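You will see two complexes here that share chain A, one where it goes with chain B and one where it goes with chain C.
And then the complex of A and B:
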């Protein structure tokens, strides 16, 4: 309580001194909270807060074909936003006990403690959600390396990238999942890349777990502050093409698992106040850039920038979030053009785009490959490189595999891979990535087969 | 020491390229720098043979290098363009009068015809007078709005088909960020276009769209190009200042961030139901405008009435 009043009065003194001290909604009670330019009393604040949540879930419910009785999964990090979200979902679902909106609610947490060599977060998290009596799934991020975290459920090859940038598909090596993950992340010194990898591994794991548990919807707790940071950081990392999918209130990009973000309209400040009123404790989970300087990574820098700007201009977050909401996934998105690492769509021809505006070689110089500073490059002595940066080379098997791999990545993941400096043996990418590469290869093969016999076919591909 | 250039493998590398981190010799740097600009021009079919092109020249680094590179590429690849220099004199003592001297020197070095068009002859107000009237608060709005039109009018006088400006990759990335921060969805979509054409207006393009500011300075430095490098004496916009600082920080975290932002910006598509302002023409001056009167006419009316807003 006291900390909230402190925060409020602090804000009042800084810039926007409202003329009225009464709640802007009920106009009678004394206001104790300032959100942007409006003051609220406790009751009205809670009412408005819960209302924003309901509006978002109801919108997604009417749009959903499942109607009532849907089985859902709640992605639960333990942070303030997912903590509030779980409470809100519970209240919403229990409002009319005999007519529940969701038939079953599963809470899923992914433990990342391996990254910082800390104690597992699972026991603490399990305890904090126990009172809801929902089935709880606690996963370890390293288990993304299990052969069953794949579409087929038993894919045991992996992608290996060696120190000389040789990429190969290998039968699953004998190291433990924990060894493989720490080896991968230890080889990534660049924190921007590390954060990207951790996030997409987590997302893929969540989607896979939801799918295998028969959940048709995954709730993620991104609040508007978080989303506005994401909008800027995704833009800065070249992920503009997939940005609408990664920040929207709802997306069916993963087909059988719909992602919903019911907290998208709440500021992190509102969530903090709500949690305090409701007596909800969050679990502090450290991540790889916690307590680091602002320039540690793009994500971290963006967070610093947005939070700072929001202090000076209190409508920053909402303006960014509104701008982001006006963007839409492109019509040119193709379901089969899915990046094998982040599973987000990639644009056709983005490699050509890159090669034209970043010239790395002089065509006349025969032996050069111009990518010496970049680890993932093609072998020397070739006329043009088949490296990850897109010099087009198909002159030997090795660069063939490299080129194939590069072709199955989105622009931003290719930038990420470029920034990995392998210093220790090799890195291993999980089976789901290897499965994606092979699936893509098969699809291309089939396309070629089809082309070969095209004139004898009497039906289109869909009819088969 | 004595590391060889990663492209030619012959000369000693003397620079680390800001865009890629490659260590290059001078000649290879010139080659990639110029070729990327050539690619941007060719891939986007910016010009056709016989076009008359005005280079917007302020005397600053971007436009000085632009004039140099345009002349060079025009000769090397035989674009067949007729080039002109076009300068706007905003009437800022101690800033523009000095930089215009640089433009005049450039004119002689590059042997290109030069036209200078001034705010006072176009609008009856110089920036110095405007600042006296409105103060330092939104004077940059006046300057920005007036300059856009001034360039077009200058282009009409020169009878050219096309204006090229020195906007570089940093400027464009910064504008992408600014438009997200300001919520200006219409501009967000437009700002990454390399070439814009208003209805019946003169085409405008940015050959430096993918060129890093640092590399422009580097190019000018090694080629010993003569340019004027003083900030405008009237203070810059503070909100944009935040975006600029952020972009510089991003670049230092990951040099490719500038290109990555432009890549993102090009991929953005706006929901069909979002209303965008329709572009019409100004009732008073006939210039393109999304309102009844164009911004310049509105500002000018305010000035002349003595009621600046």
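And then the complex of A and C:
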């Protein structure tokens, strides 16, 4: 008689098995999709899915941009999430043809096929976005080495990491961009670091391209599954300080280009099903950890962990994502403290703090395998012990650049840099990095100069 | 023993494990594991033995598919169709979508 279902609680089999086979929304049609604990019919599923997207986009529309029409850029990797995003943006914008929300939509794809020695992905991607008739920009990741991928548009100094831990700033050498990029990435043995580098180079390139094309908004297709993976992996990589900026639905950290993530509330499962129903075929783009085992990198391992957990406990992703969404950027984030590599904020004096808590080199092994470590300390000769306050009295030009460079990195990028293996080949960082260092130097000089002459100044307005 | 004709589709990168073929019609015995009729569980292990070209660990985990791989049976989520216990019928359309590395 008793019809109460047993609720097994300690068993692994806690997964909710829906008893009703009807859609929870319309309650009439037969359910065909299970999203977390809810069952949906096809029609209601699509409705809810599009609704989530619209809610996020509407939220990001500011009063000023209402009606005037923004020019936006869509970061399009070709994967399922960005594929669905492009379709949704298109539907949203064309809903009322005479009153478009966005005046122009540019689709931008960055090709990273060089890293895997594969065919370029640009032709395939271009084909799949052609039907939307949007301007398409296909870029090669290696072209980030071009002097025009900088703020000024023609900055051609680069930072070179040399064999005995010298980091010198010099005029752009003559290798091709492809050679420079493969030199840099091939000398990173650690896949976690490699992925990091690739991602931030891509992000910087996207931001730069959006800016140069007059786009005020950049749409990225991170879905909630992806974001929850990012929240955990960024934390483990020591990027907690910038985490709220890197995972939020919207951020104006890049000032003139606002990053929006309209897919932040959709699970990768929803996106996969939506694409299947809508007949959207994504382009499979391989990356450096494709087909690798789970322990290949922190990111891969986190993915494996979260996706595996989600299978047994379907609320895992949304719990992480929602908790992450509550994070707000720290008050101590300052616009001028921008890491020159990832362009994310760094904590003031993080170098001092890092030196205090981390053993960068084992004292006894400093001599023997010193060539594997890039010393980003203020003095290039650490064994002499003159490093503690050597920062101010280095007259040497090279170590000055070295110190300036080290000072303008965030904690995680400084850790990453140490994984670059120095060989005979020149390892070069893109010009935008060098430009960042230079810019920072100028700012500091100006500040110091102001300090010097402060007492002679008549007015103390922030004019300088 | 009769044969069941079914259509298999792969997308989201999982096709790389199956010789880069996106769609395939196959015939499988109606009872791989007699006397029971063929279920999804049987199909998955049959696919592993007959179709999978490389790296079974990227497709399977235990006797089911790896987390992160979606399965649709006739456009319906397999989690509502009984997952591994679903009995395969002639003419079924089964889609495997990998959602890993997406985004």
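Please note the rule applied: the second predicted complex is superposed on the first by the 394 of 464 C-alpha atoms of A that agree within 3 Å, B and C clash if a C-alpha of one lies under 4 Å from a C-alpha of the other, contacts with A are read in each partner's own complex, and residues count from 1 in each chain.
Basically, a residue touches a chain if its C-beta (ideal position, glycine included) is under 8 Å from a C-beta of that chain, and two chains touch if they have at least 3 such contacts.
Because the structure is predicted, anything quoted here is derived from the model rather than measured.
Engineer: Of the two partner chains, chain B (first) and chain C (second), which one does A:225 touch, if any: first, second, both, or neither?
Structural biologist: second
Engineer: Just to be sure I read the superposition right, which of the two partners does A:323 touch: chain B = first, chain C = second, or both, or neither?
Structural biologist: A:323 sits against chain B, while chain C stays out of touch.
Engineer: Quick check on the superposed pair: does A:239 touch chain B, chain C, both, or neither? Answer first, second, both or neither.
Structural biologist: It touches chain B, and chain C stays clear.
Engineer: Examine A:277 and indicate which partner it touches, taking first as chain B and second as chain C; both and neither are also allowed.
Structural biologist: second
Engineer: Between chain B and chain C, whom does A:287 touch in the aligned arrangement: first, second, both, or neither?
Structural biologist: Only chain C; A:287 stays clear of chain B.
Engineer: Once the shared chain is lined up, is A:128 touching chain B (first), chain C (second), both, or neither of them?
Structural biologist: It touches nothing on chain B or chain C.
Engineer: In this superposition, which partner touches a larger number of chain A residues, chain B or chain C?
Structural biologist: B
Engineer: Would you pull the chain C residues touching chain A in the complex into a rising list?
Structural biologist: Interface residues on the chain C side: 11-13, 15-16, 55, 57-58, 61, 67-68, 70, 72, 75-77, 79-80, 95, 97, 99-103.
Engineer: Enumerate the contact residues on chain A facing chain B in the complex.
Structural biologist: The touching residues are 190, 192, 231-232, 234-241, 243-244, 294-295, 297-298, 301-302, 305, 309, 313, 316, 319-320, 322-324, 326-331, 347, 350, 353, 356-362, 365, 367-368, 370-373, 411-412, 415, 419.
Engineer: Mind pulling up the chain B residues that touch chain A in the complex?
Structural biologist: Result: residues 6-9, 19-23, 28, 31-32, 35-36, 39-40, 43, 176-177, 179-185, 188, 210, 239, 242, 246, 249-250, 252-254, 256-257, 259-261, 263-272, 274 of chain B touch chain A.
Engineer: Which residues of chain A touch chain C once you look at their complex with the stated criterion?
Structural biologist: 18, 21, 31-34, 39, 42, 77, 79-82, 221-223, 225-226, 263, 268-269, 271-273, 275-277, 281-282, 284, 286-287, 289-291, 293, 303, 307-308, 310-311
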